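Below are structures written as structure tokens.
Next, two complexes with subunit A in common: one pairs it with subunit B, the other with subunit C.
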Partner chain A sequence: MMTTNTGRSLEDILEFAETLYHDAALSSVRDWKKTHPGRIAVGSMPVWAPRELIHAAGGLPVSVMGGGDDVEIIKGDAYFQSYICHIPRSTIEMGLNGSLDVLDGMIFPSICDVIRNLSGMWKLLFPEKPAWYLDMPQSFDEIGRSFFRGELLRIGKEMGELAGHEITAEALKESIAVFDRNRALLERLQEHRLNRPWMFPISEVWSVIKAGGFIPIEEHNDLIEEYIAAAEASGRPPIDNARVILVGSFCERPPLNLLRTLERSGCYVVDDDLSLGFRLIRGSVGAEGDPYQALADAFVERSREAAFLYREGEKGKELVARARAAHAEGVLFCAPSFCDPALLDQPMLVEAVEKAGLPWTAFKYAENTGQFQVIREQAGTFADSIKLWSVA
Partner chain B sequence: MTKTVGIDVGSSTVKCVVMEGEGQEARILAKISERVRRRNPVSVIRECLQIVLDQAGLSRADVDYIATTGEGELVPDRTGHFYSMTAHSRGGLYLEPEARAVLDVGALHARAILMDDRAKVLSYRMTSQCASGSGQFVENISRYLGVALDEVGELSKSAEKPEKCSSICAVLAETDVINMVSRGIAIPDILKGIHLSMAGRLVKLLQSAKVDDTVLMTGGLSADAGLVAAVEEILKDEKRDYDVRTHPDSILAGAIGAALWGAFRHRVLKERGDALIGDRGGIEA
Partner chain C sequence: MNTTAKKDRSMEIQKAMLARHYKRLAEADKTGDKCAYTFVPGNLTELMHVFDLLPVLPEINALQSAMRKKSAAYISTAEKGGHSEDVCTYVKCDLGMSRSGNLGPTGDPLPKPSILLLSYTGCFTFMKWFEILQREYDCPIVMLHVPYQADGRPTPEMRQYIVKQLEKKVIPALEEASGKPFDIDKLSDLLRLSARAEEDFVQVLDSAKHRPSPIDAYFGGVYYISPIFTAFRGTESAIEYYEALREEVEERVRQGQGPITPEGELIEEKYRVVVEGPPNWTHFRDLWKMFYDEGAVVVASTYTKVGGLYDQGFRHDPSHPLESLADYCLGCYTNLNLPSRVDLISKYVKDFDADGFLINSVKSCNSFSAGQLLILKEVEKRTGRAGGFFESDLVDPRYFSAANIKNRLESYFQMIEQKRSAAQPAAGDAS
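Let's look at the complex of A and B:
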């Protein structure tokens, strides 16, 4: 089993993270189950799921983010029309080819129609495995907090039944504390990245964040700390790149080479919404009082702006604020083809960005995109336009 | 005065210049164009860099900004990178101040770039994936014909009865050439036919980019006198009201443009008090 030992080199850390990134067969999860017999592994689709509940049930939360460019779609296309995004196809493919059979259950958060339909198909295709459809609150007040606590309680109860024991309040509080530490470490990583983006390339940062979807959270916390220390020690020199924010890739994952292409084109991606679920809740959830209520409150009160959350009149405000905080010089809208939430949000975000005087450009991708020349061209000329024509 | 290095890492050739100053007043202190052949491109880049620094009598610590274009990630100690269109337009304007468009014909593709009088790219058109308009194609043809690449241009210009190359596809054109050889067509006539075929595509590219003013040809094939002559011939035949020019340093346009933009960025960052420049000072190998 791959373990995160301390003292590894930056290369070793990245190799570990990238191996997990490309591991469509979930071998790290299989290894974990072998060494933890009788315990459950539960998958969750993007963007956010209460991983704390799985952890509190003694299980391993697993991110299911499609197959990327590692899975050939043979059967998955038969389930979705051509105008549907790519992630449900590869997810079905992985379900049918046995890659996901290691999972004891699946959580489908209500982020869009596609994920909702996927959850229905999943229940029909794999009736023996529990599948939870998690309704997200759209009222960001007492009603929303109360509703969401009920949703979390429902899933927590059934998760406990799957694990063979009830999730106690104490266990959930302990899990929340471990995940709070994860959130704090990711915020620390973000601070480092804002200050020295040349030491924290987006392709690396995201590999390290995403690794948390395939290993125990405690190991992920160690991995983040190790990566920060190793990247800081790398001594990479700064390059005269344009600082940009990447927006729209919160669900279907872009290929790592797409992100590398952006950086090679002259961009430092200083903030993004990749693997947003890991960073959706700002600050700590806290372990005081009723832990279910604490989770619900944190989600309702402190979740970041996201395409699947509808706060009246708020679209774009946080993006502009984050851009300002990151000293970003431009915004890259990088959404998957046919991603309704990202693409429907985009005009509102563009309006806010333009009002703030920030240059932007937009392009689309699919998780299995292999040609980046056009994106390279677009990002390269965008970076040049910032460096050469945005300065008075 | 600002000293900058511009490195254009192409798929077949590394071009490198050292420049002093900024804008149209800048001057070239040293230059080199070196084919990569089968060598490690990183080694070729290092060698080129050392040669131009020696020529200019500079050490790397004297250089304020190393600017790359093309496959710039192969230059680990670059200060900044510029996209090839941005670099070629700036280099094109430097070499030919009247130019308002650049026709960049490199090893893998050709691109027509429209620009304003500040070298700001306004629009562009690029050849599709077919390689028949590229330097690599000419190189392949010269190999079939047993002709050194340097001889291709002059041989083409000496053609008396250019043999029409009917295809616009590189693979089929190569088949055409093999047929021509077996039919005993003279090599200059084959080459001229190839050049006319390529020139036809390039002129169409210029038309699709809506070029209507002076064009400077850049990239590796700007040094191919036969191709330049063929482009001029087609423009004359089609009665186009703009001309396509070349410059002895046209092949270096990308590197020159990168160096000039590097000088600009150096000033901007310096005025801004950006640590990027101050900290780097002498850039080490």
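Let's look at the complex of A and C:
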């Protein structure tokens, strides 16, 4: 068995990550709070939140990504009509069944009407806890920068009050540095994945990335490094799979078994937007000058193309560029049912992808989908057709 | 039901206003008039008038297509073009229409936009919608981002953010598209006209506090909001329309008359209800009939506030033109958070002395619908009045089930009856 310098084998690392992945009751967060009395844990909904602020307040940033296929919906369905995606109902379920009571506050970023309205539901259902709505700027210029700095400052101030002490500029700079390291490590992981996708299957990569939402960021940085080393050392042989890029899963996540199904049906997912929230800002934020401004600038200048951000310019250009950089041979549009941002974006992205001569296919899922037969066949046929055409 | 058919003067005025507007649009290619496509919530109509840009509102085109029974075909065109069955049908209806000759309600083709003015309040779909249209029309686009009232009130920072965008982005883009310079005095003059019409409009809405209510504030209300929510704010004709409407409504109050329905005046007001959510447009009259056949009158609705909460005191302010536009955008109903929506609906139930409230949950609209079931519970809890819930869609006829909705409404009105009899002392109790 191959082990890393800390002694954890690949199997141990994956078991650890997968346990966290399915830990809907947030036991890791409860454990952390026990060992860090008096400190806060703050949750954030997809896609992106300034986790640096929580960290700088001495708190634990926690990703609330719905219940996946681990939470049985008992009360949540009474809060949402059948034509609304699944993640808000499992999140409400977790709120009502006490799974999220370990959180001292929640951040709801402005990505869609559902998350936006969920922020108001949270205020009504859990009035004793702060629920911050984070209005991300849609003006990608000086005006947006100054507005967003104000938004971050407002949340930072209130976060400090919640934590019982002000967030100092120094503390925020230190937090930015730790998260910059996380961003750099995720980029490194991405490079490894592009070079040797057979060693970095999407189901593993995603559970390792997602683990970062439940443990201290410093530990996550170690985990990524360990995982890269262990996966590289695994000696897994390449197989004749098609290289594809996965698009549309940036919020409600597909079940891990769906990702495994894609792999088994002959696809190497070499890039994706599952992890968009962790990788939204390209490069590092930097810790020079005013840290609030640095965060706002990084967001405005260097955030990636996303369905929920309005940027003038060629739609899909970045997707095509990423596909090219990843030597992807096809695109899998894989969006949650009833997800307005992903599904309204899709036809525009399809146009760009077609123009670039990339084959594509599309299917929908819910976080608790349990049957993958149709997707297996569709992805399998897609992968076969890519392989067929690439040898022709 | 009194079925004497009589066209009110206000209706004639509105008809003439709309005819003139659509004629100008139909002839725009010949006359050189330019137009801007934009949205209802958070619209900047007065600003467009400063540049002589004719407003075209895709939501209105979509709902009119539905009322003319054309939406099913348009939606199908968009779905065949790769648009998901899951998303807002306004978008698909509009897209289908633009791909089928872009014929407006008069049957004439609408002109292509000189600019897409993406100023919107309270719905992310608007943003995607214009991204899609921009590719159809290949024209300039400018966006105004209006922050959400997440904590139940606008802040000075939000206002400043909007004003800066207006000054630095929106106004220069409109100057460019129209070829005309910005004139802040002209804007103030137009806002002064707006405020006059707004005053009369509010009196019309408030008239529903009378018993019987002289208006239906939902089904009738959509006609009353039309000029002020669309192309006519800041015009003399809007003032004329709302003056006439107010006089007619006041006269109905004096006469103790109920609202006008498509089948004449409603004689007996049996139930007074508040409605939350947009109407269904494909079966608008069928749905209305289900209400008036039961003697139900809508005394207040949230849909008639998507283009501004004038009844809660907002007026356009000519002395602070840009700030006033910012406050307007921030304050539309669609930009209120859930707790504020609960407060407002509860207030309507109380202020209009309603028997209860109904929610029309439309499949298309996450902006309205996500959270409505909690609104139902909360408003019931706060008011103690009966809450009801039914589902439909805006412009997709596939999601209108007349039998289901009728059943729901009948049971709802029975529930009000039961509440009433429970509140009455039983015969003989008084002895």
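Definition applied: the second predicted complex is superposed on the first by the 383 of 392 C-alpha atoms of A that agree within 3 Å, B and C clash if a C-alpha of one lies under 4 Å from a C-alpha of the other, contacts with A are read in each partner's own complex, and residues count from 1 in each chain.
Everything below uses one rule, namely that a residue touches a chain if its C-beta (ideal position, glycine included) is under 8 Å from a C-beta of that chain, and two chains touch if they have at least 3 such contacts.
Note that the coordinates shown come from a computational prediction; the quantities given were computed from them, not determined experimentally.
After superposition on subunit A, the partners subunit B and subunit C are seen to fit next to each other with no clash. Looking at the shared chain after the overlay, A:266 reaches subunit B, while subunit C stays out of its contact range. Residue contacts after overlaying the shared chain place A:384 against subunit B, while subunit C stays out of touching range. Here the vertex is the CA centre of subunit A, and the angle it makes with the centres of subunit B and subunit C is 100 degrees, a multiple of 10.
Looking at the shared chain after the overlay, A:374 reaches neither subunit B nor subunit C.
In the superposition on chain A, A:240 makes contact with subunit B only, not with subunit C. When the two complexes are overlaid, the chain among subunit B and subunit C that reaches more residues of subunit A is C. Once chain A of one complex is fitted onto chain A of the other, the partner contacts of A:78 are limited to subunit C, with no touch recorded for subunit B. Once the two complexes are overlaid on the shared chain, A:113 sits against subunit C while remaining clear of subunit B. The minimum CA-CA separation between subunit B and subunit C in the overlaid arrangement is 19 Å, rounded to the whole angstrom. In the superposition on chain A, no subunit A position is in contact with subunit B in one complex as well as with subunit C in the other. Across the interface of their complex, subunit B is touched by residues 237-241, 264-266, 377, 380-381, 383-384, 387-389, 391 of subunit A. Within the complex, the subunit A residues that touch subunit C are 78-81, 83-84, 88, 110-114, 116-121, 123-125, 132-133, 135, 137-139, 141, 143-144, 146-147, 150, 154, 307-308, 310, 312, 315, 337-341, 343-348, 350-351, 364.
Within the complex, the subunit C residues that touch subunit A are 81-84, 86-88, 91, 118, 123-125, 127-129, 131-132, 135, 141, 143, 145, 147-148, 150-151, 157, 161, 164-165, 168-169, 337-342, 361, 363, 366-367, 369-374, 378, 391.
Note for the complex: subunit B touches subunit A at residues 65, 72-73, 77-86, 120-121, 261, 264-265, 268-269, 275-276, 279-280.
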